[in-house]
Every structure is written in C-alpha cells, then in structure tokens.
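One chain, chain A, links the two complexes that follow: it is found with chain B in the first and with chain C in the second.
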Partner chain A sequence: MSTLTKMPQQGLISTLRGDRAKRLGPWALGLVALLAALGLQGQLYSGQERTVATIFMFVALAQAWNLIGGFAGYASFGQVVFFGVGGYFTAVAMSHWHFSFWMSLLLSGFVAALFAVIIGIPLLRLKGHYFAIATLGVAEGMREVVTNLTDLTGGGAGITVPTVGNNATTAYLGNDGFYLLFLGLAVLSVIVGGLVARNKFGYALRAINQDEDAAAALGINTTRMKVLTFALSGFITGLVGASYAFQQVTIFPERLFDVDITVLMIIMVVIGGSGTVLGPLLGAVALQFLSEFLRQNFTNLHTFILGAIIIVAVVLLPQGAVNYMREARRTKEFSLLANVRKYRL
Partner chain B sequence: MSGFLQATVYGLLQGGLLALVAVGFSLVWGVMNVVNLAHGGFVILGAYVGWEMHEWFGLDPFLGMFVSAAVLFVFGYVLQRFLINLVINGPIFITLLLTFGLDLMIVQGMNLVFSADYRSIKTSYASNSLAFGSVRVPLGRLLAFALAVAITVLLVAVVNRTRTGLSILATGMDRGAARLMGIRARHVYALTFGIAAGLAGMAGAMIGTVGTFNPSAAASFTLMSFVVAVLGGLGNMYGALVGGLVIGLVQAWGGQYLPGTWVNALAFLVLIVVLIFRPTGLVGRAFYAARQEV
Partner chain C sequence: MSAVPVLETRGLGRRFGGLQAVSDVSFSVPAGQVLGVIGPNGAGKSTFINLVTGHTKPSEGRVLIDGKDLTGARPWVIAQAGVARTFQIVKPFRGMSVRENVAVGILYGSNGTNVMSKALKAAEEVLEEVGMAGLGDRPPGELSVADARRLEFAKALALRPRLLLLDEVMAGLRHTEIEPSLELIRKLKARGITIIVVEHVMKAILAVSDQVLVLHQGKVLTSGDPRDVLSDPRVIEAYLGHRYVKRREGES
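What follows is the complex of A and B.
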C-alpha cells in the first residue's frame, strides 16, 4: 500500500479495489442487521417469530436464485427442484435411515448440488426461454417422480419426519430454533452473495450474462463457471428445503415442488434488483412482509392484489429498486415515467 | 389390442385439442419472444365465457366458442397494447413475471367470481358415442377435434397468405426492418396476442364441453402449451399441430401402459429430451431456437 500510494495511478487503483471503508461498509451494515435480527427475536411472540423466520427463508432462497439468475443471467424457472430434493432427502434420511437432522441437512445441500451438476451440464447449454422451460420441466417432472416413488417418499400422502418419541433423531427445534436456523441460512446466503459479487468469479458471471461468446473469448471457461454457480445456488436452496421440511414435519410433493416458490424467488430478486446483493435481500423482506400483510387483511383477495402489485412493480421498475436507485443517483434522473420508456415498444 | 386402438384414438382426439390450446402460445412466443404464463388462464376464461353463454342464453357451446374467441381476442389485444408492450424490450424474466402476475389475477379473479367448483358445459349430444368395431368415439370429442384441426389449419393459411398474417411474420423475423416497411409493430403485436388469446378461449369452450374445468386447471394448460410448443418447434405454423398430436398420443399410451401416475412425468421427460437433443423441435426452424434475446 505504501509504495502504491506514491504512484500516479493511485486514483485508478483505489477505484478498482475500493477504499477499505467502502469495501467493509456493507459488511458492517450486515453485521448491524444481524444483531438487530437477533435482538428482534426477544420482542416477538411465537406466531410472529414464525412469520419472520419465513422472511429469512425467502432471503436465502432469493439470494440463491440471484447467483444463477441475477449474476449469470440464466433464468432458472425450476429452482424449486433443489428445494424439493433437499427437503425430501432430509425427510427420507431422518425417517428411513435415522440420520440426525444436522447430518441430513448437510448431505441435502450436497445432494442438491450434485443434482444441479447433473441437470446443469446438459441444460446450461440452452439459452433464454429454453433454459427457463427446461428447468421448469425438470421441477415438474421431479414432483411426479417423487409422487410415484411411494415406498420411499410416501407419495401424494406425504412423509412425516419423526420429531417425538424414540424414533426422533433430533429434537424438534421449535419456533426459537427455526428462527435461528433460517437466520443462519439467510446470513450464509448473503455472505456467499457478497463474496461472489466482489470476486473474480462474480465478474466472470457478469461477463457471461452480458455476452457469453465474448466471455469465452476472454478465457473464461463458461461451462464450468455456469455449472459451478448452478451447483452453489442448488446447494443453498437444498439447505433451505431441508430446513423447511424439518420445520413443517409433514411434507407433500405439491408444496415442496410448488412452482410458486420459484416464482416468488424470481420476483423478489427482480423487484429488489438482480445481480446485486442488497436487491434480493430487500426484495425478499419487502415482498414477504407485504404478502403476509395482505394474507391477514384481505384473505380472499390476497393473491389477486399480489398479482396486481407484481405487474405494477415490473412495469415501473423493470431493473429493480436497487439498480434503479444506483442509476438514478448517477444520472440525476429520478422520473419513473422515463424509466418505463426504457423497455417500451 | 382394442385397448391400444382405443388409447390411440383418444390420444389423437385429445392431441387435436391440445394443438388448438398451444397454437396461440407458440405464435406469441415465435413472433414476440414472449412466453405467456397467463395462457392457461385465457383457456379457462374462455371455458367460463362458453359456460355463461350456455347457461344464460342457451347457446350451444360449439357456437358459444366463437363468443369466447371474440371476448378473449379483445381482452388479449388490450392487454398487449397497453401493458405487455410496456416491457417487451426488457430481459426475459420481466415478461415472464408480468404474465405470471396476470395469471395470478385471472385465476384468482375466476375463483372469486365462479368459485373453485368443477363445471362442465352440458349438451344433449356431446357424450353420445359412435362405435367403430370395438373402438368408441364420443361425439363431442370428435367434433372438438375436427374443429380444432380445421381452425389451426385456417390460422396457418391466414398467417401465411394474407397481408396481415405476413406482417405478423415479418415483425417476428425483424421488428426494426418491419417498422421501416411501414408495419405498425405495436398494433401487430397486439393483434398477434389477441389472436392467441382468442384461440385459447375457443379451445377453452371446447374443453368445457368435453370435460370438466375449474380455475386451478389453468396452470396445467400453460404447461401443456409449453410442452407442445417446444416439441413442435417455433417458426413453423404446423408445429403446434404436430406437437399436440404427438403429446396426445404419448399421454394416452402412457396412461394405458404405465402404473400409478407416472404418465404425468412423461410429458416433461419428452420436453427435456427434445430441448437437449433437438431444441428446434420436430418441425421448427433453427432461426428461432438459436435466437438471442433482444
């Protein structure tokens, strides 16, 4: 640092690497948010604790989707398959093979990652809508496979994780435990997102997003990068699915492979700002909070209003809140109407 | 053997209907590069319009389907013109999300208005069946199949032979060049979407006549449209017809010979295999499969 500061290109280097304060600032903010989340726990009664735990769950899911969909630009429309595979692996491992939850959790992550590699190698050659639809097909197909493997998964009748009695391998965590578990997963996902965003790996993904041929010409092994990212994203989603399965105790294929979960992840990322770390975090918190509010106050209309909100948000802020604010601060152009014109025909 | 023949006939009849469901979806995808997740919602909406026509005016569903088509055409035109056109140049998940939001509103709206009960448009003749040797063919299905195929062929003729149709194709190939030739792209897009919605509505009215429907059936029709469009391929107007017939047969045979509900996984298996080994589909053009998103 001391020799560098004397050199004329100091300005350039400091912009490239960022000042220490600028680099560490977001991490410090994240730490404050984590402490706030831990402090909040004591203030909530158990129903609220469950709601907030669900918000954390979606933070982790949105961050995981953002790796493949936001940074690399591959719109995985079947992301829920890793959630389902993780969840079912844990349920089966705990009830049939008597694994402890923690062991199953870790293995679920790796199983989901392995599954991502297996489907990623053929599917990541596809682009755009074709990739989206192929992954959707995998998720829907896996739901049917799980439904039909009745001996292992209980089929459509569901499978129950033993939580009490002699068969219970790990005591049920309760609302307090799951709050901490999902908070931990959210923190893990944000850290992974933060590391990827500032890393050579993340720049490679952004290059792939912008122009895959050019990225390959720069010497990026695009296939390996994409498959690795898909696996990482699948790993986190698998962990979340495993935790969800334990939390729900009894799980069903329709819920664990529900395409709505994928869509929620995508909406959260898109509304917040894809390809950023803050975006999915904000998007998940805002949307899940709003959805819960609507569910409690407009029980019948809640899906309808949610649909309307998605439409308005997508039309007004197609690039997401965080990207819009960054752009607006740079260009001093805050008008939403001007923003709508960007993608209009 | 008679089981096989019966399944084959049933598969072909169902395939024709699926072709009509998917032909609009495939057209919209090919021309505008929009994957319309609300397509299944349009189908079911068409079924409800047909049901209402039959319930209140005693209109035969095979006439009521033209009312369904007209209502859905207007609905689709307005949606594209004033909403989807606003984000048409965005990244792909923007249009996916927008149409998903639409789907939520349409399906939930139908749930509120019509409830989640299963309905069916009842006619005096649709469940009568003709017997050919050991094979039985329900009259309603036969009629629906014939109309579905006829309308698909008519659409192909319109698109390939009229000025309007050619302007739709031209806009799909190169929007910039089409606009320079004086084609109003906004109108053409809206028209295309309207036609797609209208055909979906028509198919919906037929589906309501040959079987039962409720709002949550929308999702499965969207998925089937995906499968049929991908299997047939984009860029060839007969793609949906070929894809629909093949999927109809595959599902009918699968239902006959596979245990449990494995047949449900079959369509997705076909989808993935086609995408991996032949992304252009059975009869599609490579141009559309290789196209980069704009």
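What follows is the complex of A and C.
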C-alpha cells in the first residue's frame, strides 16, 4: 500500500529533475547560436551581412506574431500595422522632432504597444476569421491614414530620415551596426518567447487558445491576458519597424504597411510550428535563407519554386515542423501521410 | 444565528431574444450542503450554472456569493471568489498534458502560485484525489470518456473552491464508473465544500443530495427533500408528460 502511493511521487520527482535539464538546455543552445551569429559577422561581405540581418529581422517579427497568433491563437492578419506605426514614428520623430534614433526606437515600441491596446480592446472580442479580417482592415486603413497625413509623413512621396549633415541626430549605423541591431532584436524576441512559453503567462495563453470559457472558469482574466499579449507583440514589431525605417533611410506607406510582411510572418510561424519558440526561429531562418538561395540560383523561377515548397510544407506538416517532430517522437509515428490524415477536418 | 449562505440567488432570470431560458429563480444553499438540480432537457439547468458563474449575464435578479453581490461579474472574478465549475461538454486544453491542465487552475486560483514546479506538484495531488494518479503525462485527447470527465472535475478542484458546480459530470458514464464520482462528491462534502450537482442520473442525485431543486421551463417547479421531490406528481409530469400521470392516477 505504502509503496503504491509513493510510486507516482517518485515518478514526479524524476520528471521535475528532467525538467531542469529541459529548462536550461535551450538557453545554452541559444547562447551558442548567438556566439555563432557574432562570429559569422566577420566572415561575411557587406551584401551577405545585409541578407543575414534581414533573416534576424524576420526572426524577431515571426516571434512577435507567434505571441498573439501562436500562443494565444488570435491570428492577426494586420500585424504589419505595428511595423508601420513603429517605422513611421521613428522617421517622424527623427526628422521633425530631432530625436536621437535610440530614443525614437524605444518610443516606437511603446507607441506600437499603445496602438495595440487601443485596437486590441475592441478587436480581441472577435474570434477566428472575424479577428483576422478586422486586423487586416486596421492595417489597410492605417496605410491610408499615413498616406494622407502629408505634412507629417510626406504622404506617398515618402519620408527621409536625416542621416548626414547637421540634421542627423544619430550617425547611420551601417551594415555592421544594423547586423548587430537586428541580431539584438532577434535575441530579445526569442528570450521573450522563451520566457512566455515556460511561465504562468504562457499557460494562460495556451488555455485561452484552446478554450476561452474554460480558461476564464479557472480564474484567468482572458481580456487582460489577450490585450497584454497583443501589446507585447506590437511592442516588438514596433521596434523592428523602427529599426527597418532607419536602415532604409527613406520609407513609403506601401512598403511599411505591406500586407506581404504580415503574410511572411504567418508563413514562417506556421511552417516552423506555432505556439513554440523554436518554430518561428527555424521558420524564419529557413524561409528567408531558402528565398535568398532561390533568388540567386533561379532568378526567374524563384517565387514559383518558393511558393511550391511552402504549399508542400503546409500540406504535409499542417502543425509545423517543430510540433510534428515532438508528436512523432512521442508516438513513434513518423509517416507524413499519417500526419496529413490526423489533421484533416 | 443562521450563517450567510454560500450561494443565494434572488429572482434570477435570463432572456435570449424571445426565449425566457431562466426566470425568477430564488433559493439559497447553506454552507456544506449538496444541492441537486434536476429538470428535463431545456429546463434551464446549464443556463442557471452559467448565470451563477458569470459565463452568461443575468437579465434580471441578483447572485450573492457569501453574501457578496457578484451579479454579472466576469467568470474569472467568480472563480477567484472560490466558485469552481465543470462544463457539460468537456473542455480540456489540448496541447498540454493532463497534469498541466490541472496546474493552470492552481496557477490562477484565488490562492494561486507563480512557481510552475509547485503548481505541477499540487496538480499531481489533485489528480490522485480524483483517481487519476499516473495519468498526468498523457495528452487529454487520449483519455477515456470517464477520465475526461474526471479531468474536468480535477481542473475545478485545482481552484480549491468553496462552492463547486458540477454540470453533468456523470453523463455518459457506466454504472460502475458512477460510484467513484459519488464517493468523491461525498468526500468533498465531508471536507466542507458546498456542491451543486446538475444531473440527469436520478440514482446519483438521490445518493448525494441534501436538497433537490427542480427546474422546469426555466422556473423553479419545486424544491426540498430529495425523496419528497422525486415523488411529487408535478415533477413526474414534467419529466414524463401529464398523460403518464393521469394513467397512473387511474390505476391507483
């Protein structure tokens, strides 16, 4: 009798000990990846440096989308709005108000987060397709607003951040500087994702993702959690947009509010594995790397091939690579066809 | 003298468009009692639970928990006030293990913790309590019907509630599977938890209830001692139709 009651407890203690290795392992791996990224910089010529910086940028964007779309399950199809708001805030602050870049960067994050709170309070009451369409509408609408605020934003002609002469508040960072800046943002986003995934907050988001009524019945303030997550996601996306604006020097509404950027974030997260930390990271690196590889080797066909690969990946691995590997390792079922069957409606 | 009832409703009602799903329900549950709520399909039992737990806002009336007016409060406020519920249709969090499902309740309950390892350990204790020891690592999708219902039970208990509302936790179970649930209800009652059991299984209602409340077409038909209530001709009529009652009267 006594041995019987003790057994599950012993099992639990060993699981908890295993958890410690599981807990620290990914952080160690992340540190190695960071050192590798820093070491890599010296090996690249400037064009490659820019390409890799773009990969880092998309890692941060994908991680940010994953917070609201992956963990909480609110697929934001207007995520680029935070990118645009952040980018335009920095451009306006630097050129009109003569703020330094670093000050503008930080403020852009908060402005984007505030914007997320303002649109999140009404929109996060919607679910599924309704939320997706509403956020898409907000992003498209903001592009028009920014285009028409000609005095402030330069309208469709764009706005140029002063990088030389007396008006330059912060010296242009150059390829080396932007490489480090985007690497920093990628690291920040992965750390945020990692902390969310393993803590109380992440469990609340996953519960909300699965069933909001059940989550609320367990004492989770679902409204507050969703708005907070949207704000955090908007904050990171805003920082990335601000950095992008400075890197590009001249920005246009069509580019800063380009729906393609949202689509890329979503594809990266979905292919990698939504609701995981590794998924968006792998998805962003793989897709951006593949895209660049195809562009250089199949100049005419590159979008065609990339599209085909995305379709095959989404059909065979609807839950994303990381989630597929986790399930396959647990159930010892590696067949892709069985996987497709499992997820059919 | 008489203590404040754990739950009291006054003239509670809810309209959905033209349908009055619940109307004028007034009653109170003293601390430590088990109240059985019965009624035919569509009588308003689930709506009643939703009104008490904040998942549906009342159109009229008041809900008092421990004498505190919590009418129309959001579900998480009610949950943190010590009121837990189960759902008639089980709502497990897929993508989390059974243990993590229960841990969520411990993390966000009124005397919750922020430490994951503590919550997981406490979750294991709750699982043992409901007879699910050893199932903690499973994904909820692999559970049997009985265990999936038990998981609902465990998630509610994770809040360490003072009032527990069970919405048909025994529906679809075999007779042999019902007994452990009844045993658990008795055990929780002995610990001083006030329980409201919404159930179709009459045997279960009779076995555990101190009082029974009968809902019919959204209204309280009658309430009182379980045996008296179940032999009330009006209750039999509500369930089986007036022709059945007439025939029986003719026979006797």
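FYI, the second predicted complex is superposed on the first by the 328 of 345 C-alpha atoms of A that agree within 3 Å, B and C clash if a C-alpha of one lies under 4 Å from a C-alpha of the other, contacts with A are read in each partner's own complex, and residues count from 1 in each chain.
By our rule, a contact is a pair of C-beta atoms (placed from the backbone, for glycine too) under 8 Å apart; a residue touches a chain by one contact, two chains touch by 3 or more.
Please read these numbers as outputs of a predicted model, since none were measured by experiment.
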Which superposed partner A:I310 touches (first chain B, second chain C, both, neither): first
Touching partner for A:S46 - first (chain B), second (chain C), both, neither: neither
Partner chain in contact with A:G275 - chain B first, chain C second, else both or neither: second
First (chain B), second (chain C), both or neither touched by A:K200: second
Comparison of chain B and chain C by chain A residues contacted: B
Partner chain(s) touched by A:N297 [first = chain B, second = chain C, both, neither]: neither
Chain B and chain C contact sites that coincide on chain A, given as residue numbers: none
In the complex with chain A, residue positions of chain C that touch it: 53-55, 74-76, 79-80, 84-85, 87, 91-96, 100, 103-105, 107-110, 112, 114, 116-117, 119-121, 124, 128, 133-134, 136-137, 155-156, 158-159
Sites on chain A touched by chain B in the complex: 69, 73, 75, 77, 122-123, 125-130, 132-134, 136-138, 140-141, 144-145, 147-148, 150, 259, 263, 266-267, 270, 274, 300-301, 303-304, 306-311, 314-315, 318, 340, 342-345
Residues of chain A defined as touching chain C within the complex: 8-9, 11-12, 15-16, 19, 198-200, 203-204, 206-207, 209-211, 213-223, 275
Chain B residues touching chain A - in the complex, by the definition given at the top: 29, 33, 35, 83, 85-94, 96-98, 100-105, 107-109, 112, 185-186, 189, 219, 223, 226-227, 230, 260-262, 264-265, 268-269, 271-272, 275-276, 279, 289, 291-293
